[in-house]
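Across the two complexes that follow, subunit A remains constant while its partner is subunit B and subsequently subunit C.
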Partner chain A sequence: MTTFEMLRFLRNTRLYCTSVSGTNRTKPVTTKESKLNFKKLKYPTKVPINPVLQNFPIVDKSVIDNPTIQLLERLALVNLENKEALSTLESSIEFAEKITLIETTNVLPFYTVLEDQTLYLREDSVTEGNSRENILRGAKVTEEDYFVSPPGNIPLQQKDKDFSENSTECKENA
Partner chain B sequence: MKRHLQLTIKQLSASYADGSISPRLVVDHALDDAVKLKHLNAFIRISPENSLHQGKESEHRYENKNQLSVLDGVPIAIKDNFCTKNLTTTCASGMLSNFVPPYNATVCERLAASGTVLVGKTNMDQFAMGSGTVDSIFGPTKNIWSNDLSDNKWHIAGGSSGGSATAVAAGICYAAIGSDTGGSTRNPASYCGVVGLKPTYGLVSRHGLIPLVNSMDVPGVFTRNVSDCVDILNAIAGPDAKDSTTIRRPFKKIDIPFFEDFDLRNVRVGIPKEYHCEGLTKEVLETWMKVADLLEDNGAHVEQVSLPNTAASIFVYSILNQCEVASNMARYDGIEYGHRAGNESSTEELYANTRAEGFNTVVKTRILTGNYFLLRKNYQKYFEKALRVRRLIADDFKRVFETPKNNEKIVDVLLTPTTLSDAPLYSDFISQSNRDQCAVQDFCTQPANMAGIPAISIPIRLSKRGLPIGLQLMSRSLNEEMLLRVAGWIEAQVEFDCLENEQIYAARS
Partner chain C sequence: MYRKLLFSKSSCRRLSTQYQVAKAQLQDWKSVVGLEVHAQLLTKSKLFSGSSNVFGAPLNTAVSYFDASLPGTLPVLNRKCVEIGIKTAAALGCRINEVSMFDRKHYFYADLPVGYQITQQRAALANDGELKFPVIVPGKKTYYKKARLLQLQLEQDSGKSLHDEELKRSLVDLNRAGAPLIELVFAPDLETGEEASSLVKELILILKSLHACSCKMEEGALRVDANISIHKCGEPFGVRTEVKNIGSVRSISQAITYEIQRQFDVVSKGGTITNETRSWDATTRCTIPMRDKEVLQDYRFMPEPNLPPLRLNLSSSADSSTSSDIISVASITKDIPELPEDTRSNLVKTYQLNQDVAVILVNEPVLLEYFLNVIEHIPSIPAKLVTNFLINDLLTFCNKANIDVESCQLTYTHLEDILTALNAGTINLQACRQLIEILHQDPTQNVQTLIRDRNMEQITEDETIEQLCRQAIERQEQAVKQYKSGKKKALFAIVGEVSKLSKQKANMKMVVAYLEKMLKS
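For the complex of A and B:
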């Protein structure tokens, strides 16, 4: 039996678990020939031969101004890291613009695929208790069974960003 | 090559029961292989003491003939975005690098109750935001089918559940759990040559799955064959009081006889023409045509159908994903759990610094973009508009599956590509931005998440480069049985051997 015949034999019987020992199979064949001929079809194919193209409007690249960046950073409490992040943000907005011309008059927003099912509400009663220790275990700072946070009501300190063309790196001016 | 790897779960369990194979030995091998194949980076963390203990317990149960289920003693892996009690769960992010959940996700709980042995937690893109398993703080996962694993010559595993796909493809585990928001289970399944199932939204509980996009997330299943996929689904599916978005109708276990002679003459297969998009490679197209031809040759009614809103879906997905991410990620502030920055000058300062340190650029940019779409002046223009178009996309599926217009016929399943090509080289993949990567990778997979319908990717053949090519089947909600039957039929025709690749032999010889 040639290696190839052996492989075929093993493949056909794999579900019955014949022993595939390492000794007579030193080098496996990775690009095995399939018994199916993928070039040959019996019926006219239902798969379109050429790509089916759909056109979406080409929109100008959005430009996000500095006050908007600052607003987003304040709302999200994350920092826009660098120029690349800004350009990803802008191109994501451009990407989103593509659907604005799709006709959706009288089409309601689809919030959940389970809209035909009423949301289940459980009884407002304790099912699992005494988990204080477990829950506090995840916190880095605790005091007498409380989570601890620093003083509130202090606005975030924000810095101006300069991602303009002539700034070589992410320069931040205080 | 260990011979037990070729067995299906049912056969393995039968061998445990008649004493010819020991669960302890199989678990031993699984742990051994996980170490030998460490260079693939499939696992973020393995739990050897735990698995050895579980293997031993399983052995006792078989000895006393009181095994818990067909899954008793079967080594599995779980993606690191499912909470596992007392076992660190990181989402591959700095934000949760020290997070030890005090509870189990329902999926983990049900698998444990079935007797499975958890080998470890698998690698992923940070917070499941990606389609390559390249954006993890633990480094990328390498595709086991790569001809060369050195330097930059290896191929990506796909993502975001690339670690789970690899654990199964490499023969370390018999099954693995991933998650699927826009294709995160089917994409790596296709690239790694294994079966990947995205069940109907709400069929499997999300309790304990760290959320990405609540309205689309579902737990996914990886296995090496369709029969195993059925066994895992049967163990995890069904209503859960802890997740109000599970479908409350009781789940009837799926039973597909192993050697059934499935009659295709009553099966109607649709070929949605819009899935032939720009960038689809010749080999994938050829594979798609051949399998459609095979189905037709064996009596199935195969016809072309149209889902006109397909191409808009990727834009809608992108908007909704970023909006839900913006909202979901608000919970990470460093106070109750997870990373906490050193700056204690004010609450907002602490939050901002914690988030600046804990998230990567991809996560931050998605949060900011989502916040932009949700600004009062943009809410209707982007978020609500996307939800309206989402209804059009879901209605397309409804039309072909349930309520045909004019002279159209309804279909039982849709056959499409899973990905546009075989697995890209890592070096090529990372030359694009995360957003561009996802726009290409998720084209064929995310529409199913929009509509909540079940979909499966099954391996068909190897490309010229020796990498797997998969195809996707979709069906109407809760029609997993039909989906799996057709998948099983195709599997039997194409005889794809998931384990036949050089890296597996190299590691084990």
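For the complex of A and C:
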């Protein structure tokens, strides 16, 4: 890319943050000054600086049944240990549910900040590979140049969990 | 384990007869088949990384750091994959999209170490194509069928795992991880297993002619999943099952036919079909339920944040002047070669071939090449003689010997010599068949020498033929009586006798003419 092309490219690129005041070049830049001063931004952030109280209608608290808990545990590979964890999960869902109440008709989804860019294409040639030693180095267990993993896609044996007040499991955890 | 296998085998066979009965009971029911095809692209490197895309590399050697999902690595799209995608889309009459995007489809599986596959879901490379293909059903007339192509998308392949049942572990080879695929999603426009296998056959011909895919199903370069359901005419589609693990074109038809009949059987007995994934077992010829997917999988699709939109130039034929990353669709599609359907209609038009003959020739690229070469080099041989020989004799021989035409040892020179001798009347068809057999065993032999040394020349002298016919008439008294009383088919018995007497060397046309003349008087 020539310097001219580079300049043209830069000019065409949308700048997301433009500082209002020009930078003083004569002064040596100190670390403190080089930090972005949000108050001086031409286009300040749309995220409110102070919390805004929104009145969303109260939705029924979601009830998570046992099969769903088991499915979530399988997907996340994290066990739901006690009742506290369950109530955290429920309140997280309640918090996230609010997003469904926001009016989005006629608003096009914004997928990526790179939306106005063009995907770079690489020529089809082999430039990597043949580094088996390096590739396998991070693996805990290997066998004859294979990675070794637990058997996949076999449903794990799971016990039903009882989070009701009088369950022994809860008492033990508490 | 062995007993279990035996049991399932016998029960399968017993069931298949029940299915015929079941199908007869549900006459106003219809079967619906939709296909999803994954084709591995013929490129040097992978879809998003610079590691090698070859089949059979030593374990875990064709793996880049990106393919192994090491932190900090990023995908970089291979230009060639986009070009092949455009070519295939154009050949299948798709609407190619100016802007397409990539998404993440999440799985939890050891051979997909990053936890998601990069694919195209919201905005694919191309949509709304159509594939028209001839359906060949043995014993029925060849007909044409159309299937809509809903979507054509670029995506990554996963690695391969070997499951060690005894030690309860999986061995993972990442050589295939990140290999480029195109997924073709067809609408449920088909009805039978034969239609499905014919669609795949046509697709293979197209992909091969575009040099898009090797289409070697035994290597997994082309994989077919079938969605199958049945419903009563006029009612909405039934619950579908998905059949995976279909490893050959022949199995496609078998697996789908089996699954349709199984569903008919379940429904006729008052049962219901459950939405499940089944696997085709080629040895027992049954579909068996797979253990995963009791719950509808949630793939948690999300836009791939590391890849900006892929843009194509639909308007001009030159690559964009501002960016070399915008491929001009017209510059790719101008190089599309003749497609199988064009070849067929050209054959019918140029050589006045029968439609069915053209279908068979195009389906067997070796035969087509032989045909075109013979016609070009020895134009004196009529096209019909060549196609008859290729299809009725050479192809039949290969089918009987259970080999591909490609692996038949007969060379093109042999073929030319045989056809020249046959056309000149030096040898008859029986001799040709013998020659094919001999030459397949020992391709070093020469056709002319073989004919001379083994006395294979056709008998055409009038006196000899007449004498042979007289002998045959004497031997086949009963057939003669039947023929004279009006049973014309009895003539074949006498002709066969002549053939036997002459050691299959008599000119059959002359024999028939002689016999008819002699028996009239």
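Here is the rule we go by: the second predicted complex is superposed on the first by the 100 of 174 C-alpha atoms of A that agree within 3 Å, B and C clash if a C-alpha of one lies under 4 Å from a C-alpha of the other, contacts with A are read in each partner's own complex, and residues count from 1 in each chain.
In this text, a contact is a pair of C-beta atoms (placed from the backbone, for glycine too) under 8 Å apart; a residue touches a chain by one contact, two chains touch by 3 or more.
Quick caveat: nothing in here was measured; it's all calculated off a predicted structure.
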item: Which of subunit B and subunit C A:Thr112 touches, first, second, both or neither; value: both
item: Touching partner for A:Leu121 - first (subunit B), second (subunit C), both, neither; value: both
item: Contacts of A:Asn130 with subunit B and subunit C, given as first, second, both or neither; value: second
item: Touching partner for A:Ile93 - first (subunit B), second (subunit C), both, neither; value: first
item: Which of subunit B and subunit C A:Lys42 touches, first, second, both or neither; value: first
item: Which of subunit B and subunit C A:Val63 touches, first, second, both or neither; value: neither
item: Touched partner set for A:Ser149, first subunit B, second subunit C, both or neither; value: both
item: Subunit B or subunit C, by number of subunit A residues touched; value: B
item: Subunit B versus subunit C as contact partner of A:Lys140, first or second or both or neither; value: first
item: Residues on subunit A lying within both footprints (that of subunit B and that of subunit C); value: 71, 75, 77, 111-112, 114, 117, 119-122, 131, 134-135, 138, 147-152, 154-155
item: For the subunit A and subunit B complex, residues of the former touching the latter; value: 11-12, 14-15, 17, 19-22, 25-32, 34-36, 38-39, 41-43, 45-48, 50-54, 56, 64, 68, 71-73, 75-82, 84-85, 88-89, 91-93, 95-96, 98-100, 102, 104, 107-114, 117, 119-122, 131, 134-135, 137-141, 147-152, 154-157
item: Residues of subunit B that touch subunit A when the two form their complex; value: 1, 3-4, 6-8, 11, 99-100, 102, 145, 147, 201-202, 215, 241, 244-245, 247-248, 271, 273-274, 276-280, 285-290, 292-294, 296-297, 302-304, 309-312, 315-316, 318-319, 322, 326, 333-338, 340, 344-352, 355-356, 359, 361, 364-365, 367-369, 371-373, 375, 381-382, 384-392, 394, 433-435, 439, 451-452, 461-462, 464, 466, 477, 493-495, 497, 500-502, 504-505, 508-509
item: Contact set on subunit A toward subunit C in their complex; value: 67, 71, 75, 77, 111-112, 114-115, 117-132, 134-136, 138, 143-155
item: Footprint of subunit A on subunit C - complex, ascending; value: 43-45, 49-52, 58-66, 68, 70, 76-82, 101, 108-111, 161-164, 168-174, 291-292, 294-295, 298, 303, 305, 307-311, 323-327
